Amino acid sequence: MTTSTLLLITAAIAMIGYLAGSRRALALAGGRSASMHSRPGYYGSFVAIWSALPAALLLGVWLVAAPAIINSSIRSEFPAEVKAQSQASQGLSFGMIEGIARGMRALSAEEAAQAERNPADLRNLMGARGVAIAGDPEAYMIKAANDLNSLNARSNLLRNIAVLLVAVGGAALAYRLIAPRFRARNRVESVILASLVVASSIAILTTVGIIASMLTEATHFFARVPAHEFFFGTVWDPRFAAAGATASEGQFGLIPLLLGTLYIGFVAMLFAVPIGLFAAIYMSEYASQRVRSITKPLLEVLAGIPTIVYGFFALTTVGPFLRDISSQIHGLATGDYSNFIQAQSVLTAGFVMGIMLIPYVSSLSDDIITAVPRALRDGSLGLGATRSETIKRVVLPAALPGIVGAILMTASRAIGETMIVVLAAGVAARIQLNPFEPMTTVTVKIVSQLTGDLEFTSPQTLVAFALGITLFIITLCLNIYALYIVRKYREQYE
Amino acid sequence: MNMMTEAAVEKALDQRMNDLSYKMIGKDVSVYYGEKRALFDVNLNVRQNTVTALIGPSGCGKSTFLRTLNRMNDTIDNCRVTGRITLDGDDIYDPAIDVVELRARVGMVFQKPNPFPKSIYENISYGPRIHGLARSKADMDQIVEASLQRAGLWNEVKDRLQESGTGLSGGQQQRLCIARAIAVSPEVILMDEPCSALDPIATAKVEELIHELRSNYTIVIVTHSMQQAARVSQRTAMFHLGQLVEENDTDKMFTNPDDQRTQDYIMGRFG
Amino acid sequence: MNMMTEAAVEKALDQRMNDLSYKMIGKDVSVYYGEKRALFDVNLNVRQNTVTALIGPSGCGKSTFLRTLNRMNDTIDNCRVTGRITLDGDDIYDPAIDVVELRARVGMVFQKPNPFPKSIYENISYGPRIHGLARSKADMDQIVEASLQRAGLWNEVKDRLQESGTGLSGGQQQRLCIARAIAVSPEVILMDEPCSALDPIATAKVEELIHELRSNYTIVIVTHSMQQAARVSQRTAMFHLGQLVEENDTDKMFTNPDDQRTQDYIMGRFG
Amino acid sequence: MSQVVTPTATAPVARTPRRDIGLKKRYAAERRFRAYGIAALSFGLIFLFVLLWSVVSKGYTAFQQTGVTLAVEFSEKIIDPQSQRASNPQVLLTANYPVLARNALANALGVAQNDRAKQKELGQMLSDGVRSQLRDMVVADPSIIGKTKTVTLLAAGDIDSAFKGQINLSVPQENRKVSDQQVGWMNKLAEAGALAKHFNTGIFFNGASSRPEAAGVGVALIGSFYMMLIVLVLSLPIGVAASIYLEEFAPKNRFTDLIEVNINNLAAVPSIVYGLLGLAVFINFMGLPRSASLVGGFVLTLMTLPTIIIATRAALKAVPPSIRAAALGLGASKMQTIFHHVLPLAMPGILTGTIIGLAHALGETAPLLLIGMVAFVANFPTTPMDPSTALPVQIYMWANEAERAFVERTSGAIIILLLFLIVMNVGAILLRRRFERRW
Amino acid sequence: RDQIQIAGSSTVLPYAKIVAETFGETFTNFKTPVVESGGSGAGLKEFCKGVGEATIDIANSSRPINKSEVEACKAAGVTEIQEVRIGYDGIVFAADSGNGDMKIEPKDLYKALAAEVVVDGKLVANPYKNWSDINPTLPKGPIAAYIPGSKHGTREVFEEKIMAEGCKKAGAADVIKAAITDAKQAAAKCVAIRKDGVAVDIDGDYTETLARISANKTGLGVFGLAFYENNMDKLKVATVEGIVPSTETISSGKYPVSRPLFFYVKKAHLGVIPGLKEYVEFFTSDAMVGPDSPLAEYGLVAAPDAQREQVRKDFAAGKTM
């Protein structure tokens, strides 16, 4: 029986439990289910949960634990000289044994016997069955493979019995608990609530994981580069240190990257927020249902275009266009046709990124604005307010928390974006305030330091982790501030 | 009740007013919600400086008619109005008409109180501010206080003007909405059951307000209370199943109506 | 009015009931909205199979008290209740109590009609469905029809059961909410001004419903109409500024109240 | 009977002077406001069309592929000179099939067998993929050996580009990859009808290849499909469940505030960091295989979750409390209230979050880099545990290829990705429209 | 695991892809290897994670593995690493095809791109604006150069073979040495690139450089030979010290700017991962990396015969680092 059949059978038991539980509840109620605490379905679900949940848990544990146990028991049988090798190479041998075991299952009984007698034949025999193994196996491996196969078979049998027992047992236990005053709904709901909690904890686990996966490497970085040079440094110039010819350490100033991140993000928001918000307002308040139902998904396509497309769009179209137009303007004004907007610039990146971000603002805001009850609009319109006054003073304030949520999400996306910045604003880390000049962002550097030719043990690569953690903390602070603002201005309608 | 004597005075006044011009004229007004027809060729005129009461069983189209008078029906997606309604002789459904101005001139108090989720102060000051009716903060404070006073809410909320309007009790919200509407001093005030959530004393206060307003404004009020209709209005219109059954002097209506259905309704014999 | 004679019969009945146990007992109930105290140590008991009317000026705490009886106050963020309220002897604020079951037993009609943005049919059938009160589609149809009939809405909506409940007129929405509440046959029904948007006939219909329900259910009703309180209730409680001023037999209350304030309020002398 | 008064019966009244409520200015503001709306919407749409146009105009040619139809002689002399295929099937696999194709081409163009230089140039006109194409034919049916069959072979990528006019043929021949001789042959074949453009099914169904003419997004499509399925199946329920808990159940305190802020913050984590996380957790810790779409799906799920949670929470917040009160008052449990009333009303917002989150996940490359999905994968994955790539990865990799023929294919792959996106979102968009209601 | 897993350099990727694909077609009982891209450093990092089925088998690299990396490898249990040199990558300078002939000397490029140059015996911030300011034979337009960003190994080669060389030839090295005693710092000064936007770092691939050159016609870009050969119709290549870059001039060592390419194999995996040994043998065969092979056709500069033979021998002998 494979795992999926087992799961199917467990599900079937749960299903039967559901039906039996509901039945029993109905019977107890004497047909008047109102005399029971909960609806029959809840009793059914209660039984089903008690049958499926422990069984699934057991199965999960088994799936994790059994291979580990079998692995160690096979390894304990390894010949002494193999045991003397490192854990890693033992692991490799085990991998090979697994391959052989897979192959043995494909062989017929006599072929298997032949292989056991003469290990040198094994590779050819298996090759003929389409199972590739890398080299000629050693003699002990065939025995181990056979052991592995039989252990696995035994474990699977045990597992199936245990899981099915638990499923049936759980169902029976729960079934017996059914009584008129038994609060099945509450029990079922608390299981649902527990699963909601589990779902929310994934977000927390993710955070923990992100921090943990960056922290050790970041500390390695700070062991090599003083923290103050990183946090307060104004020059970003990590020298190339691969082959060591010019192996000076370089400078890891965070400030230019941070400024670039905030600046480019700001410019992007400058395009995305007004455009997205006005588009949302127009779609939800002015446009006909038809127009809205077409334009909204269309705008959403903007969020799905891969960012590399935006990047090349900026690189080949927007950047040169801005550069040329600036030189024309400059020329008309002063007679000197030199451009004041660089082809790669904060403006180019902000603009193109802004386009990508439009749907982040527009679609969600549109939903939230639409959800504002009509009575509020009527109240304002009935006082003689124009549509725009109603929107500005009544609808938008009422929709504020959602809109701020959308804007925060947009800002987050702007901070996390790489490809557009690389292609539109370049990778030069500089401190300056002219939007027509290139700058770059923290994210860009995280990606490029992680994916380059750089020696992975060097601070040049490790700095990516320090950058990641720092960015994480800075955006956290910005978000806390945003939450505070929302709380302050929230208007809860009835 | 001392209102009855007042009503007599009103009646005399009414006689004089009768020959005054109509403030609003509705001719062959029909309203459709999608396929469903909610009003059937209603012809009803609203006299200047008069209180007109609309009565009729629930669902007969009173609110619908009221909303046609300041085009609040426009905000309902599938709602369609035919016929002609004029305000001071101008067709309000004329595309050239300015709905915003119309609604500023024809104010409305809705059946379900709908305070903005803002502070009580802002609820009231909202209208005056958008119309630019207050020249200064002091001016505005004064408007807010006066409006709340007139709606009989001032005493209850004067210490909590900065709290949210949605945190008020049902009756308080209703009075807040009345105060909000009168704060912009419209020429015509449409009130959809303004006293439904009010206790007798608050009701009396609102009725007093209506009396007071009447000399300068035109008022149309929907009410389910015959007594209230009799007390506050000079003219009464009776709706039934989307049709205007009868429109008449209030006195006549309640003593000797022309239509049998009116008679029956007032006597409580159908609904 | 023929109700008066009925009221006499009721009175006789009431005498018998007086010694029956209380359905709900409120002891020293206080409610705070944040800092603000809305109820001050209210001691009010609700008798079984009796209609109790809550009266008092707008904003005095009637709705607040009503909401404490089925813990709807729980849903208001900053609201806090102290004191003890029991239903059939069980403290309903006991952590062990199942609020859901409580609310299924103590149903509520809100002051502002709040239909679900679903079809009329679904509005009514929702409660019975979650409580498993219907065994079949036919059963459910029957419940829906009966509830709408009893709330006096059936004739108006029987052809449009699949249309949205939010597309009804104000009074229709109110009756829809009444129908929705009685569809789950709770033991206690709390009604917050159930007739505020209803015309006299619809009101009469609802009052008739209350009469009818009374023999099997316990009813608490908030009303602003003294007449209504007199007509439908056996017990009346008068609130003022968050305090329970007096609770008494309705007859006594309206003829010879113990408290001066009650007297004044009923006479329309304050509010 | 209603009293009918004709409007004409009323005498015109002396109108009281109208109050000045600043209408002129307010209307100007109103018009401006509306114009901003139209401008904003048009701006977005115009750029969408500009982008689409720039992609489609460059990429539509990728859906055509130049092929050469030739009479190929499956000569035994070349395939199996020693006639040992019966005993050793291996010879059929290792035979020199490109020679068959080259000979066929030489025949068609009348090039002598012994002109080595010309033969080499001829060979370059055909794709290297002819080897496996012809081999597969022979292995499938060894009886064709010795016969002549008409076969359509892929032209080499450079010939394809030249034939589509994408190589500048006006530069001296040493500055381009196709020689004048080859161009001459190409034109000759085209005139004879042997060389023509066909619909390029390979771009949809082939796996990755270093030869542009044989390269396709097949593996990437499957990988993206698996990943999107995983993302949808995991992130939507988890995201909605987490939002429900946080918005409706969680006590409002510092800790839940922290969680809220933290989730918002997760949205700002650069996507490559999710790759780091995936590498650490799923590959190094849990021991899942590299380059597998399962891991990719998990990583993208984590990346998408914040988007869905933020959108869902905003939508839940926007549901009026009166609806909740109505249901609770009927004795619905909180759970029932939420699942029966609140969630359906919040559905449009949830679906928007899903649409945007999935769109983002579909187009993301960086997190896949560290878990080994930015890779050359030629074998088709059968399960999500097998190595595969994703559409944006294929686009990214093709965009970095040197060969000219990959330029149009890059745009072609983008078109395929957008089509995938549209197919993926259509359901959600329709569903969202059903849930939208105004009240 | 029945599939070879390779990761590393994006420069080696195109070659590895060709080999992998041909390998898969030739050895039908093995699956086609998976070749990841992601940079030499990232590839080596994965390589040095340890041995076992969960780790990669081969790391491609456009630079030799570093000592500290070998140590990190050892620490993780990857003790036996076999190095395979596959050939050379030529680095060429090219401009848009619309430009006239370009002849580049390291000293001219140094003057055009250094942060500080020597004028009248003194170090000053680079004053040059136009190519022709430096050398009248160069084009008239403003200087613009698109050079590999510091994440690329090519950058190092560029600094070593052009900047440092040019620094010496232009006589700046002596002036710098006179001013700065610390040899390391002096060397760093020599290769410091100007930061006024004239020299633009490219962290992306050559396609990006090509796009930038198409958008800015007077710009000079740095490309790999293979990339250039595929885009000859759009590019005009520059001679360096009078030598035209080609596979011949590079393999003979006449053209100065090139770098070796490698891959690294885990010896421990050789007997365990099916096809691994065969793959390496296939890769190093003349049919793949010889002068007339598909890789050479693509643009790889083949190593001299003796070197290729040595590589094969070393691998067969199991020579580790």
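All chains are identified by letter, namely A, B, C, D and E, in their written order; residue positions are counted from 1 within each chain.
Please note the rule applied: contacts are C-beta pairs under 8 Å (C-beta built on N, C-alpha and C of every residue); 3 or more make two chains touch, one makes a residue touch a chain.
The structure presented is a predicted model; accordingly, all values stated were derived computationally and were not measured.
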Q. Chains in contact with chain D and with chain E: which ones?
A. A
Q: Select, from A-D and A-B, the pair of chains that is joined by more C-beta pairs in contact.
A: A-D
Q) Taking each chain's centre as the average of its Cα atoms, which is closest to the average over all protein Cα atoms shown? A) A
Q. Measuring from the mean C-alpha position of chain B to the mean C-alpha position of chain E, what distance in angstrom results?
A. 83
Q.
Just the number, please: Cα centre separation of chain A and chain C in whole Å.
A. 50
**Q.** Mean-CA-position distance for chain D and chain C (Å)
**A.** 59
Q) Counting in whole Å, what is the centre-to-centre distance of chain B and chain C, each centre being its mean C-alpha position? A) 29
(Q) Could you pull out the residues of chain E that touch at least 2 other chains? (A) 1, 38, 42, 204
Q. What residues in chain C touch two or more of the other chains?
A. 100-101, 112, 130-131
Q: Give the residues of chain A that touch two or more other chains, as numbers and ranges in rising order.
A: 185, 312, 374, 384, 386, 389, 450-451, 492-494
**Q.** Touching pairs among all chains present in the structure
**A.** A-B, A-C, A-D, A-E, B-C, B-D, C-D, D-E
Q | Interfacial residue positions of chain C with respect to chain D in the complex | A | 70, 72, 75, 77, 100-101, 103-105, 107-108, 110, 112, 114-117, 126-127, 130-131, 164, 166, 177, 180-181, 184, 186
Q | Partner chain E, residues of chain D touching it in the complex | A | 93-94, 128, 131-132, 167-168, 171, 174-177, 208-211, 283-284, 287, 289-291, 369-370, 372-379, 387, 397, 399-404
Q: Provide the residue numbers of chain A that touch chain E in the complex, in ascending order.
A: 86-89, 91-93, 95-96, 99, 127, 130-135, 237-240, 242-248, 312, 315-316, 319-320, 342-344, 422-423, 426-428, 430, 437-438, 444, 448-458, 460-461
Q. Which positions of chain B touch chain D when the two form their complex?
A. 21-22, 25, 27, 42-45, 48, 77, 84, 86, 88-89, 98, 100-101, 104, 130-133, 187, 244-248, 258-259
Q) What residues of chain D sit close enough to touch chain C in their complex? A) 252, 321-334, 336, 340-341, 345, 437, 439
